[in-house]
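Note that chain A is present in both complexes that follow, paired respectively with chain B and with chain C.
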Partner chain A sequence: MRVEVDQPKCVASGQCVLLAPAVFDQDDDGIVTLLDADPGPEHHADVRESAAICPAAAIRLVEK
Partner chain B sequence: MTVAPRRVVVVGASVAGLTAAETLRREGYDGSITLIGREPHPPYDRPPLSKQVLLGDWPAERVFLRRPEDVAALGLDLRLGTAATALSTAARTVTLSDATETGYDALLIATGVRPRRPPGYDLPGTHVLRDLADALALRERIAPGRRLVVLGAGFLGAEAASSARALGAEVTLVEPAPAPLAHAVGPQAAAHLARLHREHGVDLRTGTKVTGVETTDGRVSGVRLSDGTRTPADDVLIAVGSEPDTRWLEGSGLRLADGVVCDAYCAAAPGVYAAGDVARWHNPLFGVSMRIEHRTNAAEQAMAAARNLLRPEQARPYAPVPYFWSDQHGVRVQAFGHLRGHDEARVVEGDPEEGGFLVAYRAGRTLTGALSVGLPPRALRRWRTAVAGRADWRAATEDLPER
Partner chain C sequence: MTETFSHTPDDLAAFPMPRAAGCPFDPPPALRTRQSDAPLSRVRIWDGSTPWLITRHDHMRTLLADPRLSSDVTRPGYPHLSAGAKAGNDARRSFITLDDPEHARLRRMVTAPFAIKRIEALRPAVQKIVDDLIDDLLAGPKPADLVQAFALPVPSLVICALLGVPYEDHDLFQSNTKAIVHRASTADQVVTALTTLTDYLDDLLAAKLARPQDDLLSVLATRQVATGELSRRDAARTGVLLLVAGHETTANMIALGTLALLRNPDQLDLLRGADDPRTTASAVEELLRYLNITHSGRRRVALADIEIDGQTIRAGDGLVIAGDIANRDPAVFPDPDRLDLTRDARRHVAFGFGVHQCLGQPLARMELQVVYGTLYRRVPTLALATGLDELEFKHDGVVYGVHELPVTW
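The block that comes next holds the complex of A and B.
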């Protein structure tokens, strides 16, 4: 799985950080930052949940 | 033991409908999914309409929620530009605007809301802002010096007023209540938002109702207000709330009461679920019936409803901590929890007179929500945790200085 984030779209809700803190973080303005663009299988369910719930549709997953 | 569905129909192709379809696939469902959308566009996002789209910062296509290849990969029977017109729960069929019928084993209703439009407010020059087409039409009309009257200072009206001011329009914002959003966010945040409008040149008229529209050559040219004044207008935006899009469900046997009435599992009837703006359900976390018109809930509830639809015998109650955000005049408002109906709103961080601040909300003895204005989003995190844990109000606020 490859994770892509669209920072200009991000609305800083932090939902992804709540769900998958090993993969996503927020900068001081709350904008998403990627900690791991190629997370291990143990994170996949949380990352998919994050992408689905992101209120800005700013997370895209490319399943390998 | 229920039989697993093989034909799922999802009515509504916005955030909730698309998320439901994606969740069904992610959960391994490989039967048919018919996704019915009233508008001709692929599934798109609405929050940017009053912000980036109205400002002209984004081209229209940027609001589309998924790339075409990602939508195609879901293998949907996608019926865009097609509205559902009737439902028979007995026959398990949905009737469509093209006069066809489609049968289902399980149905998910996600038709959202329609903007309220009082009688007499449908003449040229009057607008609502719900669909992409609405936003593009209004954007065409906003320019420096143009006069826009916005009726209703809720989130939508406030954001549209903010965007129009940024584009140099002369904006009058008319609100019947003494302060914008006071019933939802409490007096401190409402007063701050009112001041923010005025500092940015919005002519905010609180405690004021519109008593009529004036026309010139069949087009709106102004509004008459309850304080006896009249305000000239090139355009009028009606942002006085919305109502659940449930007219097509009348006579279906489903219970309708300001939304499709669901249980705690988002089920409205056997095999029938609802999610997003249209769904009224019992949120066990707060112990109240809710209907939430926020972007995050549309996705979150669609995921919960889709999972319960697939596996009713393992259904889980939907008990979210609601979240919303709003951008007004460059200031970010964010909130977690259930703010309406609070008994107390208290400023617990910062100072509304000086800029960023955080308000906590109490219902009974429990912390039920928190809202920040102009603070870094991290400031809210611990409050979200406390709201989710149904924290005792005194325990959550006792270490804080008195105000």
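The block that comes next holds the complex of A and C.
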């Protein structure tokens, strides 16, 4: 799985950071940053849920 | 008002619809019927206009994520909440009533304090506020009104600290907020309340400009107002939005959530016995879903023709997107009318969806986790001091809740 984030779209709801803190973080303004673009399988369910919950469609997953 | 429109010749149902007697936590039964029989159909609102009523969870998410829907309250066709809300539009102009890119520009000026780490850093201070208020409650007479003694002060103290608003002024912002969030308020009442609050924030911003402190208003004053990025009046409007939204909604969740838990003692026991903070966090999501206090619907107007599920929403059509019934959609939440703190409720839409989704949600979550995780343990005998049918619910509120919650212990 490859994870991409679209910072201009992010609205700082913070839900991805709560769900998958090993993969997503926030910058000083609360905008999403990526800690791990190629997370291990143990994170896949949380990352998929993060993408589904993101209100601004700022998380994109490319399944390998 | 409901009566006036319920017998219109074309028989189009009036919105908002009444809740069923004795079911204060459930959305109006007519919304359930709409969701199953006509999930995309029209209703008649207070001014006689006939916006679409959106009732399904998937439709709500699809539409609120669609940039062809506008939140701009000045556009023709926008379905206003009430005469008062419509009249207050100019005084209320802030990112919540604007579309991108202006919405994003203004919103990003105030996102920093709501980042998860910043919110987590506030948790000990919120815990102390909650503990101190419980100490006062227990030391005072009983029965007591939980709204005035606890539910309202907790988020008011927190948002005051975050914004840099003196809590001594709480009578001023709480009483004006009451006028703003009451659907039956007249146009004059809403405009006066909004103007009073905007003037108040405007003066505070001037003081912060002269002597900045460690709070959000000081950041707005020194980074945006001083540089000319934002006028002081616009900054004041943003401040009003954060102050009003920052205490009224959470206060209602605390009081109504407590009532819902007292009426579901098995769930209350489960929450009280939880050792894992994740259980409390999950309970917060379920209470947000179940209560969905923003019961007036998310309001939008279409900028273009939009095809959805075989229907065409035309450019200029208004939309009322009813999150309360979307959060009871059985396609997403099995047995949706049951309060089940163990369910996975994360896909709820209590904070809305799309780019306008609640800015303060990380703060609301943390406050509610502290409150729900503390109050019932510290006051294990907490009980309603009156009958359910004696309580007055905010049927006419922009946000739902109880006016008073008499409790004893």
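Throughout what follows, the second predicted complex is superposed on the first by the 64 of 64 C-alpha atoms of A that agree within 3 Å, B and C clash if a C-alpha of one lies under 4 Å from a C-alpha of the other, contacts with A are read in each partner's own complex, and residues count from 1 in each chain.
Convention: a contact is a pair of C-beta atoms (placed from the backbone, for glycine too) under 8 Å apart; a residue touches a chain by one contact, two chains touch by 3 or more.
Because the structure is a prediction, the values reported are computed rather than measured.
Colleague: Based on the superposed arrangement, let me know which partner A:42 touches: chain B (first), chain C (second), both, or neither?
Modeller: neither
Colleague: Which chain A residues lie in the overlap of the chain B contact set and the chain C contact set?
Modeller: Dual-contact residues (chain A): 9, 11-15, 18, 26, 28-30, 49, 52-53, 55-57.
Colleague: Quick one: which bits of chain C touch chain A in the complex? Just the residue numbers, please.
Modeller: It comes out as residues 64-65, 104, 107-108, 111-112, 114-119, 346-347, 351-359, 361-362, 365.
Colleague: Quick one: which bits of chain A touch chain C in the complex? Just the residue numbers, please.
Modeller: Contact set of chain A toward chain C: 8-9, 11-15, 17-19, 26, 28-31, 49, 52-53, 55-57.
Colleague: In the complex of these two chains, what residues of chain A are touching chain B?
Modeller: 9, 11-15, 18, 26, 28-30, 48-49, 52-57, 60
Colleague: In their complex, what parts of chain B are in touch with chain A?
Modeller: 19, 22-23, 26, 45, 47, 62, 65-67, 70, 295-296, 299-300, 303, 323, 325, 332, 334, 376-378, 380-381, 384
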